[in-house]
Each structure stands twice: as C-alpha cells, then as structure tokens.
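First chain written, first letter: the chains are A, B, C and D, and each begins at residue 1.
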Amino acid sequence: MATETGLAARGVIPPLVTPLDEHGDVDRRSLERLVSFQLEAGVDGVFVGGSTGEIALLDGEQRRAVVEVAVGTVAGAVPVLAGAVATGTRPVIEHARQAARLGADAVVVTGPFYVQPHPDEIVTHFQRVRDALDVPVVAYDIPSAVGTRLTPEVVSTLAEARLAVAVKDSSGDIAAFREILRRTGPAFPALTGSELFADTALELGAAGVVPGLGNVDPHGFVRLHRAVADGDVRAARAEQERLARLFTITTVADRARIGVTAGAVGALKAALALRGVLDHPAANPPLLPLDESETRAVADLLTEQGLLGS
Amino acid sequence: MATETGLAARGVIPPLVTPLDEHGDVDRRSLERLVSFQLEAGVDGVFVGGSTGEIALLDGEQRRAVVEVAVGTVAGAVPVLAGAVATGTRPVIEHARQAARLGADAVVVTGPFYVQPHPDEIVTHFQRVRDALDVPVVAYDIPSAVGTRLTPEVVSTLAEARLAVAVKDSSGDIAAFREILRRTGPAFPALTGSELFADTALELGAAGVVPGLGNVDPHGFVRLHRAVADGDVRAARAEQERLARLFTITTVADRARIGVTAGAVGALKAALALRGVLDHPAANPPLLPLDESETRAVADLLTEQGLLGS
Amino acid sequence: MATETGLAARGVIPPLVTPLDEHGDVDRRSLERLVSFQLEAGVDGVFVGGSTGEIALLDGEQRRAVVEVAVGTVAGAVPVLAGAVATGTRPVIEHARQAARLGADAVVVTGPFYVQPHPDEIVTHFQRVRDALDVPVVAYDIPSAVGTRLTPEVVSTLAEARLAVAVKDSSGDIAAFREILRRTGPAFPALTGSELFADTALELGAAGVVPGLGNVDPHGFVRLHRAVADGDVRAARAEQERLARLFTITTVADRARIGVTAGAVGALKAALALRGVLDHPAANPPLLPLDESETRAVADLLTEQGLLGS
Amino acid sequence: MATETGLAARGVIPPLVTPLDEHGDVDRRSLERLVSFQLEAGVDGVFVGGSTGEIALLDGEQRRAVVEVAVGTVAGAVPVLAGAVATGTRPVIEHARQAARLGADAVVVTGPFYVQPHPDEIVTHFQRVRDALDVPVVAYDIPSAVGTRLTPEVVSTLAEARLAVAVKDSSGDIAAFREILRRTGPAFPALTGSELFADTALELGAAGVVPGLGNVDPHGFVRLHRAVADGDVRAARAEQERLARLFTITTVADRARIGVTAGAVGALKAALALRGVLDHPAANPPLLPLDESETRAVADLLTEQGLLGS
C-alpha cells in the first residue's frame, strides 16, 4: 500500500514529450537534454509518459526507457511522475509497478476506458490500483482521451479514502475544477493541465500546473507560477497572455491533413528541435509529421517570442 | 508481411468471454469447456480477447492465457482470432506478435484511440501493423469503445491495399455496413458484431457474425446462419426474434448501480455459469458483479428460452 | 382530441423540399409542380415541413404556404402530413393547429429540444400535444437534429396510450427500429426515414418510407416499395443499390465550405431544378448554395442514372 | 439596420424566469414583482426569454407577454434584453422584430440549430438577422442547447463586422472565453452565463454576468460584481463561494425522475415562490415539477443562506 507522504505535487511539472531517434526508439540523449533543460529552467517536477509524452503510442520498451532516463537524469532533484495509463485496472497495475521499480516517485492514472464504467467502478479501479502499489497515485482527468469524467464527486471520494494523493485536471472545465478545490481542500493538491488558464487556476488554489507547452518554454511557466505565488496578478496575466500566444503553435497544423494529437505533439517536438533540445521532431506512428510550412509557422512564433535566435 | 490467404473469416465466430477463477486469474478449465461448448454447437471460429472478452481489462498474463487455451482446445478445428486491441501502433504490434507466436490464426485490431487520429493516420496505423506481422489482420470498428469510426472509405482503403483481410463491424450502423459491402465486394469478408440484426446483415452479404450472445446460445446463431444460407428467410427471422429476446439479459442490470459493460459482460458470464459452462461468473476489476435479483432475471430468461433445465 | 382512424401512414411518403423564389418566399408554382410530379410517380402521401423541407428555417408565412399549396394540389388524392416541429409543447401546438386548420391530415412532431428532457417529459409532451389537437400525430425520431432519442420504450408508450398514430424513424439505428416493430406491432405504422436501407426496413415490417431522395426520384422509391410488397427481394435490392448510388448527390458538397444540411438539401434542390421541377435551387438563409462544380457533380450523377436527358 | 450605440451590456443582467399562473399563462403580476425585486437589488439590466426563461417552451402569446411586462415594469431604468431564440434565420427575425416593437433594447440570438451549420453559415445567419433589424443583437453561445459553438473565431468575426454588439457565453469554456476577450477587446462586451466562475470571468475582463441564479439572489451577484469592480478579490471570492453553494439548489432534483432543465428551472422558480416573489413555481409543459422533498431541499438551502425567514 502506498504511503502518500513525500510527494510534492506542486509548482510547474511539465509533461515531457518522448524524443525519438531515426529508428523510432527513444532518443535517450535528447531526453536527457530535455530533462536538463527543464531542471535548469527551475521546474518543480517532471511527468513522463503522459498524453503529451505519447503514452498511448509507446511500447513496453519505450515506456521503460522514458522512466529510466528521467529518473537517472533528474537524480532526485525533483519528483518524477510517470504515466501508468492503460484501459483497465490490471494493465494499469502492470505499468505502474514497472514505473515504480524504475524509480518513479508517483504514477499518474486515468479512469478505465474502452469499457464504459459507472462512477463506482471508477472508484473501485483506483482502490484496486492503490492496494497493489507502493507508490503514490495521481488521478488524471482527461475526458478528451478517455471519454469519461472524474467528476468532483469521484475525485473527492478518492481524496477522502486516500486512493489518490493529487489530481491532474485536463478537463478544461474550470467550474468543476473549483468544485474539486472546494471539496478536497488544500491537503489534496489539484494540478491543472491547462496552458490557457494556468494563472487563474493557480490564483484559485491549484497546487501546480502540468502544461504541455512547458516543454518548449519552461521559463515562462516558472515565471508565471512565481508571479502568482508573489501575488503579482498583473505579471501573471501578462505572462499568461504571452504563453497563450505561444500556444498557438499547437494549432498551426492543417486538420484536413493530420489529426489533432499529431498537430499538437508535432508542434511541441518541432519547437524543441528548432530550439536545439531534441535531435529529431519525429512522433510515433501513426501520427503524421508537420509539413515544412507548418514547421516554419512554429519557427516564426518562436522567433516572435524571442525563443529562437535569429 | 502477412499472407492473407488461409483465413476463413466467415460463419459464426463468437467473441468469447474470459472466464476467471476465484483469484481473478484466467480459469483455464472453464475456458476449455467454453471452447468445447462452442465447437460442439458448430461454430466456424472463435474470437478471444475481444471487447466481450474484457480485452481492455486483461493484463499480459491473462492475454497470453486466453490465446493459449483457445488455440490448444480448438486444435485446428476452426480459426482462432485474437484481439490485439491497444491504443497505438507499437503496442498493437507487441500484442499481435505474442498472439501470433501462440498460434492465433488472425489478430483483430481497432484504430488508435486515446489519441485523436486523422483517417489517414488510421490507415497508416494498419499499414504499420500489417508490415510488422506474419499473421492476417481483421479490422475492428467499435466506435462505442474507441470513439472514432472506421468509415467505409477507410475500410475500402484497407481492403484495396490488403492491409486487412476482413472487417468486424460493431458500429450498429447498417447503412455504413452496406456501404462497406458495396465498396469492398465479396472477396473481403465483412462480419457484423450485431446480435440484433445478424439475419439482415447476413442476407445483405455479411460473411459472418461475431455475436457476444453466441457465448450463451451458440446453437441459436448456428441455426440462424444456416437458415440464411438455405435462403429460409422466415426461419432466420424467427430465430433472430428469439435471440433478440434472449439478448435482453444484457440489459437487466441496474445502470444506476453498475456500468453498461459490467451489465452486459456480467450477464453473459452469469448465463454461462447458470448453464454449467463456467465455474464462476466473475469479471475483471473494476467491473462490478450482477446482484442476486439481476442474476435471477438472467436465469428466468434462460428458462423461458429452454436454455436452463427446470 | 384526435381520432386516429383515417390516417393511412404507409407506402412512399417523400418529405418535400420547400421551393423558394428569387425573393426567398415560397415558390408556389414550383411546389405545385413538385407535388404533381410526386403524385404522378405514384407516391402514397406527401410530407411538407419536415427536415428536408427546411422546417427549422421557415418563418410563419412560409410554414403556412407549404401546407396550403400541398393540401390544395394534392386535393385529397393522398394524405398530407405537415411538420409541427418546434422546441416545446406550446409552440408545437401552435404550429400543429395552424397546419390542421389548413387541411393537413396529420402533423409530425419531434420530442422537445433546446431543453434537455427526461423520457417521461417526452411522453408528457406528446400527451399535451395530442390533447390539444383534432388531428393525428406522427412521432418523429431524428436525434441528429434534436439531440435526444425517442427510444423504443418511449415509442411503445406513445403507441399504447394512443398519443401518436405512427412513428417516423430517422435515427439510422436499425436495431432500435426492429425493437419498435417488435413492441408496437402492425397496428402502429413505423416509417423509416432512411434512403439507404429502405428495402430492409420494409422487409422487416416498416409500413412505409419517408425518403428525402424521393423528391428527386419518386419513381425509384415507388418501384422499391412495390418490389418488397411483391416479395421480389432481388428487384428491391437492385433498386435500393441504384438509389444508394444516386444518394451520393447529397454528399458531393465540400464540407470545408458549407454545412451538412446545406449540402444535402442543396443537392436535392439542385437536382430538382436540373430535372425541371423547380425554378430555383435556392435554400433559406443561412444555408449556403452548392457551387458550380458541385452542381455539375449532381448533374453527372443524374445523367448516369438516366434522370437527366442528355 | 441596427445602431449598436446605446446598449450598455454590462454589470449584472439576470436571465429572468417566466412566472406562470394556474392556467399556464404568463403571470404578469408575479413577473412585475420579479422585475421590481431585481431592480431594487440593483441589477444593471434584465434578460427575458432566455434559456432560464424557458424560451424554448413559450408560445407566441407568452413570448409577447414577458417582453411587454418587462419593458413596462423596468420603465427605462435599465436595458431590457429579449431572447429571439429560434432554429433559423427567418424565425429569429420574426421573434426579434416583435421584441423590438414591444420595446426591447436588444435581442439575444444563438446560432441556427436543428440544422447543422458551417461556421460561415453561422456568420451569414447573424449578418441576415442584423440586416433585418433596428435593434442591437447580442450573440449567445450555449452549446448545451444548440449543439454547436460560437467559436472565438466566429465571435471575433461578428464583432469586427459589427453583426453583434456583445456576446453572452454560456459554454463553460473559460479558455475560449479568454480567447474571445483577447480577440475582440474591451469595446465588445463579453458577458458570462456562469454562476460558478462569475468572479473569475469579471476579473479577466468580462463586462458582466448573466446568472440564472440571479433570479433568486440578485443581491449576491450585485455584491460580487461590485467587489470585483473595487478590486477586492477576497470579497469577490467569498461571495462567489457562497453563491456556488446556493447554486446547488439547481441539482437537488432526482435526475432519474425529471430532466436537467426541469430540475434547474424548477428550483429557481421554487426558490422564488418560497421567497414570496412568485405566486406559483410551475414551469411550462413538458417540464415536470420538483416534488415535495426536493422543494424542501431548496428551502433548506435558502434558509442556510439567510434568504428565507425562519
């Protein structure tokens, strides 16, 4: 059974992309550079194997590699969260145990999907997962991916029964997020997955942010987080507006040609390659790559924001 | 690369439930009994590790066990199809290779999920899967589980490029199914996953049926299939109506209490336990079990249909 | 209170488009020609003010005009059904009363929309509508437009309590349609709105078809209906396949440019203009028109089917 | 053509419920009392015939009555907004013209529904509506009711082309709301329909709030609005938390028994009847009423908040 003490789920915890080499395997050197880039920027944790990390597309070897490299490179400086995203309870436990063995400080778990669960079955899922593990569980609400919600009622049940130590909310539903904050209180950290209202979420009591865009501009999110902590609403707002502008890189891709996931993940990887952090911008199959003009649009936005030397 | 000759994807191919013992492991003896029960009823194939087989909830050991037992018990009498259902291309290939090594005659593969793919990315997914395998691929359209469709256009692309050797359609969309039949022609078997319009689908040209209810009453589906083959529309209709009535076992569970998947899979397992085929009706966590009155309702429907000795 | 005797809701009952003149008003002369064209083809009824008739886009004067012209032109030859489609009970009653006053033989009514009703509230809606009217009510299931279903359970409640005299099913869900047939029996006519499985629906017991494509090719649907009535499954299938091919006119429009409704209604109107039945192909605002190349694609399909002199 | 000068779409503008008498007609006296209650509380405008006002369920006479009474009772003290909600362009123009004739200061208009419009058709809709009217148009985004979004891109097109003078956002999507604020700027008032993040929306630049709960506790929203205007974030937050608690009256109804709309509107009306503002809590058919225990739960919450004398 997990002891939930010890996990500092707070601050800026970017969900890292999974760099790949020309063979489609995890590019360990690029991932090390990415982790170092994040640590130098002052992030408070890293999250590997999340949606941004293409968790749905990684095979067993890739899943292993990203945790290994992250744990090794971070070397205890900040917590390493690892996605244990799978359709059901038993596969989640398999993935979570491997992540724990490799040194992850916590695992991040969605409700079951592919199946259509009742809310009580979602709670049962977390109960079983928690009972099988020695590592803390962060509950992950991402309805766009799994098709069901972790409602505020479910999340507060998880919090009260100590089946999860924190929640990551990628629902985009600020009313529900506030309801979670209201029901669970400050002892249960609530993290927002939003790049677009990170400032607001933090001002309302979010313990931290898990922004995919943090891969590309961790300094921006660190500044944003600090501004809120300092009570400087104006600075936070300005930083947020800048990041919202930068976030448009994730929608430059032509949706008539490639999917939403490919466009967003591809843009983050393209930006990191342009910034010299990754060697290759490739994503896992079947995601199609950005084309040349889309990549140029990403570069232009980076340049505009001073993130690319001219 | 797969050679698609040799797979007879036709007739009645029930997607088998996954029997569990009191520890939650695969109950090999019950699964052997279930396979034998199916073969004695005259089915034309069996499909393990499908949605009805709780594929989303099985861990690696369970996935392995169901293929092993099915292949061993079937002993070449009919084709064994195995689900290689996973969120992305690489994990699908991992699962499919294991199933092939264990002797499955074909693997059944959905489009990617959790991610939001473009149709071209779905085709790419099947291209990559097919290139990596020596076993034929059956494309599986189940939008209620994966959230996207294999449109008739995508399916006909898969057929033309020989990326799949057949399609299993669980969309419930008969207009789209006919469009698939129209576009792909008789050389590309189209199987329906419907328990409720199996007769119609067969009359329209479906090569076979993959009915979850076939677990409980394979004889009924074998009779239905034969009636259509014999051109006896009236007998087919009568059998279909009887099966539609029997299918109401899958909706006796109270949806205010347990989920749709739990109610349907739980009813099939309860019915098989009542009929003496399975030792236990348990489903994998987090699915909650039928309660006593729901199980009684299943028993009553079986009795009404003469499937349970009084 | 309505007496439901006397409505023959059976056979081919096309949902007529609403022809407009250059000012956007109802083009009465074109509508008269369209009705005559239908009667000469041998249809068993006409339905004005349905979804195909742009009911959602018609103002009060237009709603009035279409019923007036249809009733006048039909002159008792066949029943005239009129859509009384509105968001709530009271507005439905307003529209239905006007249609009845103008001579409609029945009104066609959906469940409430914009609001989110409970199934019992849907039944209450039909109860109130029926109590307020002297004209029979046909229940209309079109979830793509109203967002909720008339489930088989709701429809059988309406049938048993005689709150509706028939149902028009545009759900595309053949399993539910069969469940309705099973629950309500032959005394309660069930009409399918499908162009793509009209043959199947009729063979399964549908009392009739309400095909938008019937505007363009009523002769085809009359032949299809007769073939099924004669038990000539082969002829029915051949006719259905031809009509399915013709139905592709409704999807030639570029969805990146205009909406689904505009593309489908626009194609029917363009085809009727090409065939000389309508003077203008215009649809109501805000629907955008087909462009030249889309109209040419419609013409080509008509020519291919022998519906346009060369 | 409308002149958009002159509409002060800002501050607290509650969307009023439509009080009914025992015959189901508009209870003019209760509506007068409701309007007076609002004015005394210091609201900045009233909105009749919105979703909360059961616009979808009102017949022509009721629509007329609510505007008449509101305009008469307000007597110019604040702007009166009137919903011109209908499925299509022409019916919207009909409703809007009547509202304008009766003295409404602006009309509130959604995108077309029942049909499935392209974004360009939504813009065309507002263009046509605006061209036909002499009264300003407020664009209304309420996807839960109409099924499509007014995207930030569409809203900014409406703003730039002066096709609307303001937007009411009931999407619940704060990221999109901020994008609207970013794109349109302060000259184009954006109002939030949220009861649950009114404070946040105002702090981010919303010009006002349109809260259904404002019917019951206008004083609370007036205090909230003033607190934000005064820069007193803490007071705003406390008031917001109190209102969020009070808002739970809208979810006390049993959803297994009545619909979401019935439960929410019924609770607001029950609360107003309990507070002595309305004579009857009845809603239009087909909405079913709260039962006794649900009404008691509403009363308890009012008492807890000091809104009901003990």
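Throughout what follows, a residue touches a chain if its C-beta (ideal position, glycine included) is under 8 Å from a C-beta of that chain, and two chains touch if they have at least 3 such contacts.
In UniProt terms the chains read A, B, C, D = 4-hydroxy-tetrahydrodipicolinate synthase.
None of these values were measured; they are calculated from a predicted model.
Trainee: Which chain maximises the distance between its CA centroid and that of chain B?
Mentor: Relative to chain B, the chain with the farthest C-alpha centre is D.
Trainee: Please report how many Å separate the Cα centroid of chain B from that of chain C, as a whole number.
Mentor: The answer is 37 Å.
Trainee: From the mean C-alpha coordinate of chain A to that of chain C, what's the distance rounded to whole Å?
Mentor: Result: the chain centres lie 49 Å from each other.
Trainee: So which bits of chain B are touching at least two other chains?
Mentor: none
Trainee: When you check every pair of chains, which ones turn out to touch?
Mentor: A-B, A-D, B-C, C-D
Trainee: Please name which positions on chain D make contact with chain A in the complex.
Mentor: It comes out as residues 172-175, 178-179, 182, 194, 196-197, 200, 204, 233, 241, 244.
Trainee: Per the contact definition, I'd like the list of chain C residues that touch chain D in the complex.
Mentor: Those residues of chain C that touch chain D are 51, 54-60, 62, 85, 87-91, 93-94, 112-118, 120-122, 124-125, 128, 144-147, 255, 257-262, 284-288.
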